[in-house]
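Okay, so subunit A shows up in both of these, paired with subunit B first and subunit C after.
Let's turn to the complex of A and B:
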């Protein structure tokens, strides 16, 4: 019984931490040549409801989108935003923070 | 045998072209004399510096992700900072290329789609333009140049054009076609910056076309350079570019071009003849040597200040002894 309580408490703690920390979406984008274009994607994304911050890794061609606590973003939504900025979204992966 | 003259002609042409496309260095190397900064939010630190300009005695830096301008003396000593994040009057979104002209600082503000004008002490004076695609409107201003009469020349990045506005922001004319990219003369592919020579020649950093275009004071296309035929052929040879992100005119009228993916600044005559190249990638640097030259400014004594995006710092270079500025 004691083990079960501990396990449940640990699970709840882990879930709460995960939930509080939010999700990061790693977007692989074609043509991410320099900050001039990367900022264009950031400009679109940062105005989107649920987005907390946007950074990027030019070397890897990645845009890293951190969602606000409890918020989620869909791949279709992200694809549209990247398209609007004039780039092509190749893939999206999610990462719990 | 009848093809022999033709073959000789072809080989000669190829040889001459090759010489033109692979020029040699014409000056002694520039020396890196100082760097300052580092990533952070404290005074004197930067988070993605993307622009640099100089007055007679100070260096102004677009501290882009910190949404502020920082000012230093020529030895890198911090003097002051101004600006704060936001969309309101005098607030900065994402400052990019800078220009000091007529005793004022002009800031291309990427996120707010305006040119912000400050006194050199940091007092906000006025904003020019607004978001849009119409005359006098911007879709991401990347850089600005100012003529002696106060006219502005703005690299309107996403609108694929250069706009000339009067001192009040009223549209005068433009180069390029709204929203359309192209590789021919007078067409642009995400222009990032603009510089104007004392004789009125306009030089445009044609970003993703990997070239510079020059226009006469009357607005006619004059010449272009950057790789074979200057038609979006990128590379790392002398005189070639891999994404042009900044351009400045030196005190002797030479052009200094920030060659972003080649991590260097290249120097040219006003006609576009290659003179020199320098950057961290050529120094065997222990620091991050990728994305180390995004913007450039030149002081009257020939010192060259480079915004180093990757290392969040400013580099100061000085010319070799036999040549100058």
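Let's turn to the complex of A and C:
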């Protein structure tokens, strides 16, 4: 019985950890041709509530945005942020972390 | 007559400053880059030029604000040091206001092509009575168009600008007006190593800069030793890391067709630091 309780508690903790990790948004952005210019996107996104980190893969035109658990970024919101930075948002996909 | 020549020379340095978010634009000419919306750019730079006995150095602090993702505006506060033989002057130069609007942009994977118009207004606050003068004593305006193509490896830009110079007023110089000036530029940039975000990034730049000035006028009569054209070849470098940039270059004269008896340019040089906040 003691083992069963421990096992249940451990699995609950594991699943809570899994779902507490938030969401990663993969942004395909056109026009990203230099790292200095990409800073504008980082600056706009990092100021957005719930955004934990922003990383870039310039070769693939990817901006990877990690958002905290429970925070949702809409496509319209991301499109506006990217446009304000002077680039074009081509597509967005998301994955749970 | 010498004071006229000095007056006519002032204002050349202000051509150095392209104004508005020069990030990843050429060193001596404007490109279509602007600043992200609500972004602030702090830009400090030193420009120097020598032509015969005249030597001018200017330090400038430039602040730019991104009004939208395609429109930026700012102000530049210069501090000038001018030498003409044994005479020297130091002090605040002519303050400049500038704006740039990117009216067209075509983005694709790893590439950006765009075009912009720009306007600079140079005030008359610098001391034009100093010897040599630190300001032009006139309010001048510069209107320009620029196109740029940027990729992860290659860059190319072109621009054309027209500078309209105001008429000088005052007891000793009323009716004196420097000639208007056309400027055309072609530039090519090459990035030897693939860029990685947060890592240092270098772009080598080679520019061809041309200037053609009309003759100055005094009470409606043209002055012989004024105006003409000069062409420069200008190697430069653009080094960046995240939100910090260093830009440097030198303009070397390759052709000169100045009217009358005027000193040809020996060199012009520029060093700039830029932060995006």
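A few comments on the model shown:
In this text, the second predicted complex is superposed on the first by the 80 of 97 C-alpha atoms of A that agree within 3 Å, B and C clash if a C-alpha of one lies under 4 Å from a C-alpha of the other, contacts with A are read in each partner's own complex, and residues count from 1 in each chain.
Quick note on the criterion: contacts are C-beta pairs under 8 Å (C-beta built on N, C-alpha and C of every residue); 3 or more make two chains touch, one makes a residue touch a chain.
Since the model is a prediction, treat every value here as computed from it, not as a measurement.
When the two complexes are overlaid on subunit A, subunit B and subunit C occupy overlapping space and clash.
Look at A:40: by the touch rule set out above, it reaches both subunit B and subunit C. Of the two partner chains, both subunit B and subunit C are touched by A:58.
Contacts of A:22 after superposition on the shared chain: neither subunit B nor subunit C is touched. When the shared chain is aligned, subunit C comes close enough to touch A:30, but subunit B does not. Of the two partner chains, neither subunit B nor subunit C is touched by A:50.
A count of residues in subunit A touched by subunit B and by subunit C gives the higher number to C.
The superposed model shows subunit B running into subunit C at a single listed stretch; among 24-32, 78-86, 222-230 or 276-284 it is 222-230. Subunit A residues 33-37, 39-40, 43, 58-59, 86 lie at the interface with subunit B in one structure and with subunit C in the other.
Those residues of subunit C that touch subunit A in the complex are listed here as 23-24, 33-39, 68-70, 102, 105, 107-112, 150-152, 191, 194-199, 201, 203, 240-243, 245, 276.
Subunit A makes touch with subunit C in their complex at residues 30-41, 43-44, 55-56, 58-61, 83-88. Residue ranges of subunit A in contact with subunit B, taken from their complex: 33-37, 39-40, 43, 58-59, 86. Subunit B contributes residues 48, 50, 64, 94, 96, 110-111, 140, 142, 157-158, 190, 192, 207-208, 243, 245, 260-261, 290-291, 294, 309 to its touches with subunit A in the complex.
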